[in-house]
């Protein structure tokens, strides 16, 4: 296993955000984590990347315990977390945003290659590389956020709601790119989504979270056909 | 903290427990009674003088707290109101022989006018902007008071006319009358703020201090509420400023309108506890004597050692008790009340 | 809290307060009497020490000169004690209680009261800053403790205080002396009516000096083309010098503290403004003035309330020993502080008592003649008029000569010649 | 369902060239529950913010009870009788539940005791009675939503705008919340409900308004709207459309 | 009187350059770490004392002391960040203000204890030289200070825009959490930012030490100017701080000339209040939320 999260608990004050979640990801896997607002998806990613400290539980990445590590050290271990809401550095140029993705020495040495790859993957970004990131459209910003995450050359890429706020056509493009990256580099990915069908169409496996626990897990097709999932998230 | 207490108390009151026998009622009265006896115990007028300053700054801290603690607008310009009060009263006394008892209300009104003027520009700002802006205002005030010397006496300052032992002119050679006047002012301000705290505007101030967006959604006119807060705070601060002038005998723009003065007023509220009624009193009890003690024991050792220690204590205090001293004190007070209540219940 | 109850209680409090204030002053009077009575009994012409409170600011903006003055007081106390202490009290030693009044009226009030109430001082000296002396004198007057100061504001002695004594010249006299000197030594040679510029720092010291300047300049027929206060402690004198230059003034009377004085002096020179400067005290005669200007300091003229080479017996000895002990020359405020301490000592000697009121009465009658220790103020003997001011004192004019401030005017005090 | 209580006419809101709301017009009728759906970023919350005065609209007009409230401040709008909740809850953190709601009740009364009484009722109404003296900061998200609901109700609104109040609730909690919404509606308060969860919208709305790219895609009865192809396309995505087709 | 306008502008600009550098230092710390340091003027004071003492003991030109004073001040700033500012990064502005006010009192008085209240001056030859260009007098030492201010501002600008670390600083300012996710050690970045803030402010002190004096409270007036300037330019906006500094310098010079010698600051402050009342977010803020 590349990543094992075991019995994770976390609370914000009196609120229990996660109540004993366990997931595991094999190298080369792509998994989807789906569920409604407040189900704990984002919290889970934040815990993995070190932005939040759990009250209980363990995380093993690449045979190393990463619980309690600072986020920048987790990033150096090879986990890239593309946060929810794009969060591009709005007052930096597109290029500088990508450069920030390759800030770590391990990524910096391959910076020009990575840049080339990003520009081939997202030609729009090359066109706009000198523009301030804040002036990009929502879709372009999301592309930039993903590209910036890829610039880290991570072993594990975690995407938080990459479809949020995007027109369907853009979501589709985005997921096509993700599928392409996954296929080309067999990069391990975790995709957190509210847009259940799209996420499950990309992922091999999925976890359904509700109220901070895993309600269901299994391979994507099984989940898509699960009547409970259908009712709760697909509206039928 | 305060809020939990009041609501719990309200429940008790509706249960018909509002008796003098309730420790919630008799403890403050006991405290006040003790306070009345202080001049009999503290006969050294230096120490009584120190206590007087504690009371005065405690009251000023409460007045500051209306803006800084409830509505959470970090004012570092309260020396303006303090100074306006001090100057108006003293000038009226010097030029027209108007008693400070009357003059201070003029001072209060002027301060409110200045407050409204300030409010027009500062209430669009938050946090650091607001703080620095109020500092700039106090500098402008200081410079204006220095510049228009014909009216204000300029940098030379003003001496409060010495008038031995006259209640009508607010002058006493003993510290005792000052003590009772200041104490009365403090009690009245506590009562007022407590009352405000339980009124619509008090709820509105606290709400604004917590979340302006949400406050607007329930129909709170932010600008109006803030102006009211600044106005009341300015008025009270000006009254206390005129007390201060009468008490210190001499005022000059450089110290009256200084940021140092604003910081001292705000500091008692912060050390004591933001947005609480009694916090500033606790803060003043701690802050003022520390400044005196460091000066008393280190003032003659090495120049600067006293203030260096004061600064250090300040830093440590802010880091160790960021929420103010009132929190642990309140906890103890609650414990005391609970214990007393339990013992009376048993009876 | 039960509101009604508290309201009633505060009304009770109000009544109590009013009744107490009614008899407050008489109460206080009684206790005062008692304590002074005890003191007198205790003194009995033989005591070990007399406590003198010393208030010089050693922190904040006033620390520089406050510290130096405090040193001078210490030296004076040593001298007094070395000379056998207070002989009328059986050789009682002067014990200094030193405290830092800070730089605000409030801190000065606290410090003054602390000394009076907790240290049982017989007399007070200090402050040097007129603003702070305004406060200490109020406290001292109420507590009936004599306060001897070297602060210069005219206001100080204008309040009819009984316990206040001012050894130094009054602020308004400085300006007068500056202008008279200019008239006699400089202007009369110029042959034209001078255009004068007066600029003064916006402080008590600055404005009271400037008043005298303006009055005398007008009297002596100067054409005042500029008369303005400026903000003390500026970072750049160029705008101000520009203004002076633009005014067409030929003689400049700046009343400035050190940093401004240096910048004005330097900037005037650098900008090539051709103007005669007669400085207004304080900043112009500190060691740092010379250190900063180097050779350019030489020739600079300024008014001073005191100087270390004023024509008075014993002054050289004091100045030399001060310099040996504290490493810098004795400046005007420090010299006056030294004299003020001796005034207190002579007063106690004369009163033969540690009782403040007795000392006050003695100082009011005191004459410190030339030759008596501490009689080092310019002018005649040190003696106080009914307002408490040393009526014989006057300011002097100094000139920097070979790195030292030399007294050059008026003739009776001068020890050096004016170098043009 | 006769007279419109709220009329939005040609409303536009642009941020630095981005058209968050684009020439949007719709009516809300007295007593109805209007559901508003649309993908993330389709302008639902921005519309709310324009109506309630948090944003100054770039163009257009908003009429409430026949009176223009265009460009008025949020507090004015609230005083007129429009209550709202926030997508991300905004309780007054250091105040208790009771105090939070009392603050709201003060909009309609000057007296503390009366305000507290109103507040107590509303707190009970939303089912927070057992937590009435709890400091709002320490409530769970769901209880914070209830609190906001109660606080808005305490202002006695004629129209209540609910911004994703069901988000993050489990099935049972959603049912409870739906009951609550129905009870509010039964009290005669007009409701506009923004939701993400389709099921919620279909089960409570009298009518549904669908937004896409800041403009109205369609409006109508829930069942009709749900079967409109363009809605399926825009809201659920083409992929999902395909998926549905394949089923 | 119009012929002195160029002189007023030049004088104002020269001192404004120093205000600008001090303000840029303050703005940097605020921009990156979100702390308003009320002890900022004391960095200037410490820088001046460092320069003074090196000059006393070695006799080298004060400008050369920058080689030592910059690292010393950098370290001071970085350590303050690590042990003090870091504790209040997420606290309310109120807490931050009072912590740094405490620091200000502490630093001033420690300086008083260590160095006494004496005014110290440094003697350099070029302090005595002036240029007269078309009736405008320029004091060389002030011109040098101005150029140091410009030079350091340019170096800082290049650092922030051209180096990875500079960009990382900006990134941390914009979004601390996301910066961490990129592997940027924001704690370290904050220490460096505080270090640079202290170092360039100290360097401003060095620059003015050739024509100004050192004493324990020398930083107060410069600090005050910096707060005003930084707010004027928009908190955290370096360009705004720089232009604001120049503007305040010029406004002050005009105030002295045309309003009254005691009204330079008054004019500057009133301009400040009026401008900010019109544009509360500062002159150079962009409309970006």
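Labels for the chains are A, B, C, D and E, by order of writing; each one numbers its residues from 1.
Convention: a contact is a pair of C-beta atoms (placed from the backbone, for glycine too) under 8 Å apart; a residue touches a chain by one contact, two chains touch by 3 or more.
As the structure is a prediction and not an experimental result, all values here were calculated from the model.
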Reaching subunit E from subunit B through chains that touch each other, fewest steps: 1
Most widely separated chain from subunit E, with each centre as the mean of CA atoms: D
A-E or C-E - the one linked by more C-beta pairs in contact: C-E
Far-end chain from subunit A, centres as C-alpha averages: C
Computed distance of Cα centres, subunit D from subunit A, in Å: 30
Centroid spacing, where centroids are CA-atom means, of subunit B and subunit C in whole angstrom: 35
Inter-centroid spacing, subunit C versus subunit A (mean Cα positions, whole Å): 75
Centre-of-Cα separation between subunit D and subunit B, whole angstrom: 43
Sequence positions of subunit B contacting 2 or more other chains: 143, 146-147, 303-304, 306-307
Junction residues of subunit E - those touching two or more other chains: 109, 112, 116-117, 216, 260, 262-263, 265, 288
Residue ranges of subunit E in contact with subunit B within the complex: 30, 36, 84, 87-88, 91-95, 97-99, 101-113, 116-117, 216, 224, 227-228, 230-231, 235, 260, 262-263, 265-266, 269-270, 272-273, 276-277, 280
Touching residues on subunit B, where the partner in the complex is subunit D: 3-4, 7-8, 10, 198-200, 203-204, 206-207, 210-211, 213-222, 275
Touching residues (chain side subunit D, partner subunit B) in the complex: 52-54, 73-76, 78-79, 83-84, 86, 90-96, 98-99, 102-104, 106-107, 110, 112, 115-116, 132-133, 135, 148, 151-152, 154-155
Complex contact set, residues of subunit B against subunit C: 18, 20, 24-25, 28-29, 32, 36, 39, 43-47, 49-50, 53, 143, 146-147, 149, 154-157, 159, 162, 164-165, 167, 172-174, 176-177, 180-181, 183-184, 187-188, 191, 194-195, 244, 248-252, 254-255, 258, 260-261, 291-292, 295-296, 299-300, 303-304, 306-307
Residues on subunit C engaged by subunit E in the complex (per definition of touch): 58-61, 63-64, 66-67, 199, 202, 228-231, 233-236, 238-240, 242-243, 245-246, 258-259, 262, 266-267, 270-272, 286, 288, 291-292, 294
